[in-house]
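Look for subunit A in each of the two complexes below; its partner is subunit B in the first and subunit C in the second.
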Partner chain A sequence: MSLVNFTAREITCKIVYYGPGRSGKTTNLHYVYGRVPESRRGRMVSLATQTDRTLFFDFLPIDLGQISGFTTRFQLYTVPGQVYYNATRRLVLQGADGVVFVADSQARQLDENIESLQNLQANLLDHGVDIRGMPLVLQYNKQDLPRELILTSADLDDALNFRSLPSFPADALHGVGVFETLKSISEQVLKRLSQGTTA
Partner chain B sequence: MTVRAVESWTLQPLTDYVHEAGARLVLLMTPAGQVLAQFGFTRAVDVMAAAALGAAIMATTTELARQLGQPPFAALNHQGQRHGIFLSGLTTGRGALVVLAVYDLDVSSLGLVQLFFEQLVTDLRAGSPREGVPKQVLAADFERELNESLSTLFGR
Partner chain C sequence: MTTALNPKFTFDSFVVGAANRLAVTAARTVVENPGSAYNPLFIYSGSGLGKTHLLMAIGSQAKKVAPGFNIEYLTLDEYVEAFHAAIAAGQGDAFRRRFQNVDVLLVDDVQFLTGRAEMQTELLRLTEVLQGTGHQIVLTCDRPPGEIAALDERLISRFSGGLVVDMGVPDYETRVAILRRKAEERGAAFQPGVLETVAGADFVNVRELMGALNRLIAYQAVNETPINAEAAKQVLGLASVAAATGGGSADEFAQFVSDVTVTVGKAVEAWRSRVAEAILRWEGEGYRTHRLEALLERDAPAAVDEAITSFVKDVERLKALETEVAALDPQAAGQSIFRDPEHMPEAEEAAARVREGAGPPPAPSPAFPLAQFAAGASNQMAMSAVAAVLAQPGKKYNPLLLVGRSGLGKTHLLNAVGLELAQRRGAIVACLSTQDFVDELIAAIDGNRMDWWRARYRRATALLLDDIHLLAGKERTQEELFNLFNLFLDQERQLVFTAPTPPGAFQGIEPRIASRLGSGLVAELTEPDRDVRRGVAERLLVQLHQPTEAALLDYLADRPVDSVRALTTLVQRVVGAATAKEQPLSAGLAREELEGQAPVGERRRTSGFRTSGIVVSSAGGVRSREKMVWDWPEPSDRVLEESR
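Entry: the complex of A and B
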C-alpha cells in the first residue's frame, strides 16, 4: 500500500515484477539500474542462489522526483519465478501497489505463463486483493528471439490478456519495452492515488 | 544523526528509544517494508533497502511460525562481531508494525535494546492513530509530470 507523507510531501509506492522463472524480471531491474543516474536510485539488493536465480527477491528503489508537488519514490521488487518458491513469492506481493507481469514469449513457455498468471491471482487473493482491482501491466519479453520460437504480442494477448490491460512487447536485455512498461504501471498506480484509492 | 518520521506521532517514541537503548540505527516500518520513521540513515534510498530486507526477514519468520501452527515469533536477534540486529513486530492502532534496531556491541547490548523496546511499544500504542481512510493525493493531471520525470530518469 502506498505510503503518503503529507508533511514532507512524499509518496512511496511498491511495484512487483511477477512472472514465470527466467522470463526476465531481474533483467528488467538490471536495465533500470543501469540507466537511472546514481543520484536517483539506491542500491540494488538481490537475494539470489549461487547460480544467480532469484531466491527471495531483487529490490531497487528509484526516485522519480517531484510529481504534483510530492517527492515520489518507487520500490521495484521481483519475485522468484520458480514454482518451488511460492511461499516467498506470496510474501513479496504483500502491500504491492501495482504488478508488472513479465511473460516469456517463447511458444514452449506458454503453459508456464498461464500457470504463473493464475498463481498471481491466487497469491493476491491470499492477501485479500482481487486481481481485477490491482494496477497490472503485461510485458511480453524476449520478442528479439527468432520468430519461429516465439508467440506474437497478439497471440499472447489472446492467451493472457483477457481484460485488455496495457501490454508491451519487450527485449529487456537490451532495454526495449522496459521504459514503456514502467511508465504504464507508474501511471496506473499514481492514477489510483489521484482517485484516493489504494490497492 | 538524522531522525526522520513520515508520521509525526512516531517521532518522540523513536527518539526516546534511540536515546535509552543506545541504538545506532532504527527503522519503524510497515510489514510491507514502508518506512514510517528512521534514525541514523542519511539517504532515503538506503533506508528503503534496509527496510525491504528487515520486512522480508520478519515476513519469513512469521510464515514459518504460521506453518508450525504457532503465533508469530516475538523477536529476532542476530549478533555479529561489532554490531547486533534486533527485529520485532508490534501491533498498534495504526496496524501491524516492525522495528529494526542496529546496535554497537561496545555501546549497547541486546538486553538494553530489548528492555527499552517494551517501552517503545507502550509509547507507540499510546500515540498511534486509528487507520484512516485514504485521502486524494495527486492532482488529476499528474501524467505530464510523471512522463517528464521518467524521461529524465531514462535520459530520453
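Entry: the complex of A and C
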C-alpha cells in the first residue's frame, strides 16, 4: 500500500497497535477517538466479544485535513491480543506503515509481552518485512498501577527494547502518553515520505 | 464601503513556512497571471493564520503590477451590507455593474454566506460573470467550501473549480521567524531565548502569538529591564500551562495535527514540496514542467535544488528569449517552443532564426512559373537576359531591370526568375512588390526593429522588387535599398527590378539609385507579337479547360491587342460567352462574340477600346464595366456609365 500519492496529493498512514491480550490497545484507540473532532473521524469499527475483548480488530480512520497540500488520513488498527487469533493479526498487519507495540507493564505479564513481540516479528516476516525496517514504537501501558505490581520504564526497556526504539510510559485509560505515542510513530512513518514509499 | 488595503500587509511582510507555502505560491501566481492561473483561488485556514494578510498582499501586489487594475477588497459582511444598501436605494443594477467591472475581486470571510440564500445567488452570478470575462476572484474562508453550512451546491463547485489551498498553523521555526520579524518591526530587542520560548508555547494561531509578543514588549517597556526566557514564561503564564498539559489537554488532537504538519513539512516539504511548488508556480505561468514532474516520480533524486535552479534558469532564459523575439516579431513570440524548458536548443534556434531575420523574406509567388511565360520576338531580349541571369546569377547582368508598359508580363517574369533562383541550394529569394517593401520598412520602424528588418534582407541571396518606380519620394526606403544594393553587388548576389520606364525617366528617385538601377542591363518588353499572343492564349485556354484548336488560337493571336493583360481579358470574355451559350468554344463563336453583329463599331473601337474589354451590345448598353474610368474615350459615355 502506498503511503503517499503525489498525483492525488494524498497521504495515508496505516498504523497498527500490537501487543499481548488486555494490554490496552483498544483503550488507546478509544482515547484518540474521544479527542478527535467529530468531523475529522470516521466511525470507529470495533468488533468485540461479549466480555469486551477484541475479537477481530478495531479500526479508526482519522482525517487530518490538508497538510502541506496533502489530504492526510490516518488509519489506526488494533489486533486481537489473544494467542489463538494469529491469522487475524497477520491479516491486519498487512500493509502496515508503522506499529505501536503496547506492552502491559505488570510484572507478571512480562512473558506475554516478550512472546507477543516475537510473534510480531514472525508475522511481519511472513509478509516479507524485516521488523528492523518497520517504524515501531513501544508503549508501556498501565503505569498508573501500584508500583509493586509493575515494572518501570527502565526495566521494560531492558527486557523489550534492545534496539533503543522510542518508548513511552502510558496510562491509556486516562490518556497519559497516548498522543505522545501516536505522535512518535507518526513522525517515524512520515519521515519515510522523504524516502518515497513504504516497503 | 470597500475597505482600503492595509499597506502593511504585503508579500514581503508575510512570513512563509511549510504550513502556508503552497497558499503563498498560489497567491503569487494569481497576481502574476490574474484571471488565468487559478480562478477562483480559495484560501482557507483557521482564524489568525494570515488569510486577510495574504488577501491584501494579493491586492497590493496586483496594484503594483498593473496600476490600472480595478481592485476591490471587502469582507463578505461588507459585500452584504453594500448589497442591501443598494437594494434599499433601488440601485441593484448599479451595484451589480460596480462589481462586474472589477479586475481583481478579493472577498474575505466567505463562511458568513451560511443561510444567506439571496447573497449566495448574487455571488454565484457575480462569480460566473467575472470568470467569464477572465477577471480574478480570490476568496478566503475558515473552512473548505464543502464545509460551509447550507451553501448552494453550485457555489461549492464554483469555489472548488479553481484552486483550494489551506494554511496550517506555522511550525516552530516559522513561529520564531515571525516573532523575530515582528519584534524587529516594532524596534524591540529581546535577550536570546525569549522569542524561542514564546514560539515553543502552545499558541493556536499567529494572532495569539502576536498578542504574547505585545505583552512582552509592553512588559519590557514598563520595567525598563530586558526580560529573560524564564520571566517571559511567567509573564505569559506559560509555566502553569506546561504543568497542566501533562494530564492531556482538550486540544491534544489539534496539537497532534500541528505536530504532524511539522513532520510532513520536514519530510515532504524537504524536497518534494519545493518541487511541487516550483511546478505549481511555473505551470501557472504556462511553462511545461515535465522535468520537475519526473523528479517527483523518483525515490530520492540527487541534487533537487540544482535541478530546480537549472529549471528556473532555463525558464528565465526562455522568458528572455521570448521578450527578445517579441520585440523583433510579435507573432513568433507566441510559439509554444518558448514555454518548454525541455527543448532549450530548439528555442534558442527559433530565437536565433528570428534574430537573424526570422521568417525568410517574402518569396516569389508560385503562380508564375517560367515555363508558362510565352516567349516571342517581342520579349526576346528580356528572355535572353533572364537566361543569362539564371546561368550566372549575380555575375552577368546585375541588376537586371525589366522595363515595359503595364500588362506585358513583367511581374510574371520577375516571379519566374525568383522561382528559378530559389531552386538553387541554400537560396533565399526575396521577391515582393516595392509597395510591400516600403510597408514592411514602415512597420519595422514603427516596431523599433530595424535591425531585424535589415538582417532579414541581408540574408537573402537574391532581391527582386516589382514596380521599383514606386520608390519615388520614399527617402528612407531609398536609403535602405541603396545599402542593400551595394551589399548585393559586392557579394555578387542577383538583383532584379521591374519598372514601366527606363531609370532615366524616373521622378523622385535619387540619382545614385537611378544610376545604379541602370548600371546592369535594362531589358525592355514590348507589345506582344503574334507568337507571344498565341502562346498566352493557348496557356489561358488550357488553364480554363477549353479546347485549343489551331483555328481558335490563330484567331485569338490575330486579335490586335497591345498587352498580355488585354489578351487575357479577351480570352476570358470568349470563354465566358461560350459558357453562357453552353456551346464548345470555337473560332466561330469567338469571332461572333468579339466582332458581333456590328463589325462597323468594331473598327472604331480598335485603339482605345480593345484593352478595356468593353463592348457595346446590339441593344446599345455597356456590357462590361472593366477599366471604364481610365480608358473611356468619350466624357459623355462616362456620364452614362456613372449614372447607371
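The criterion applied here is as follows: the second predicted complex is superposed on the first by the 191 of 199 C-alpha atoms of A that agree within 3 Å, B and C clash if a C-alpha of one lies under 4 Å from a C-alpha of the other, contacts with A are read in each partner's own complex, and residues count from 1 in each chain.
The working rule: contacts are C-beta pairs under 8 Å (C-beta built on N, C-alpha and C of every residue); 3 or more make two chains touch, one makes a residue touch a chain.
Keep in mind that this is a model prediction, so the values were computed, not measured.
Asker: With both structures lined up on subunit A, is it a clash or a fit for subunit B and subunit C?
Answerer: Aligned through their shared chain, the two binders clash on subunit A.
Asker: Considering only the touch criterion stated at the top, classify A:T88 as touching first (subunit B), second (subunit C), both, or neither.
Answerer: The first partner, subunit B, only.
Asker: Report for A:R73: first if it touches subunit B alone, second if subunit C alone, otherwise both or neither.
Answerer: After superposition on chain A, A:R73 lies in contact with subunit B alone.
Asker: Between subunit B (first) and subunit C (second), which does A:L182 come into contact with in this model arrangement: first, second, both, or neither?
Answerer: A:L182 contacts both subunit B and subunit C.
Asker: Touch test for A:R43: subunit B only (first), subunit C only (second), both, or neither?
Answerer: first
Asker: Tell me the contact category for A:F59 with respect to subunit B and subunit C: first, second, both or neither.
Answerer: first
Asker: Look at A:I11 in the shared chain and tell me whether it touches subunit B only, subunit C only, both, or neither; answer first, second, both or neither.
Answerer: Both partners, subunit B and subunit C.
Asker: Tell me which touches more residues of subunit A here: subunit C or subunit B.
Answerer: B
Asker: Using the touch definition from the top, say if A:H174 reaches subunit B (first), subunit C (second), both or neither.
Answerer: Once the two structures are laid over each other on A, A:H174 reaches subunit C alone.
Asker: Could you name the one stretch of subunit C listed in 259-267, 277-285 or 529-537 that collides with subunit B in the superposition?
Answerer: Superposition on chain A puts subunit B right on top of 259-267.
Asker: Hey, what residues of subunit A end up touching subunit B and subunit C alike?
Answerer: Residues 4, 6, 11, 35-37, 40, 64-68, 70, 72, 179, 182-183, 186-187, 190-191, 193-197 of subunit A touch both subunit B and subunit C.
Asker: Could you list, by residue number, the parts of subunit A that touch subunit B in their complex?
Answerer: 1, 3-8, 10-12, 14, 35-37, 40-43, 45, 47, 56-57, 59, 61-68, 70, 72-73, 75, 77, 87-88, 91-92, 94-96, 179, 182-183, 186-187, 190-191, 193-198
Asker: Could you list, by residue number, the parts of subunit A that touch subunit C in their complex?
Answerer: Where subunit A meets subunit C, its residues are 4, 6, 11, 32, 35-37, 39-40, 64-70, 72, 174-176, 178-179, 182-183, 186-187, 190-197.
Asker: In the complex, go through subunit B and note every residue touching subunit A.
Answerer: Counting only subunit B, the residues touching subunit A are 6-8, 30-36, 43-46, 48-49, 52-53, 56, 59-60, 63, 134-140, 142-143, 145-147, 149-150, 152-156.
Asker: Quick one: which bits of subunit C touch subunit A in the complex? Just the residue numbers, please.
Answerer: So the residues of subunit C touching subunit A come out as 18-19, 21-22, 144, 147, 165-166, 168, 246-248, 250, 252-253, 255-257, 259-261, 263-273, 276, 296, 299-300.
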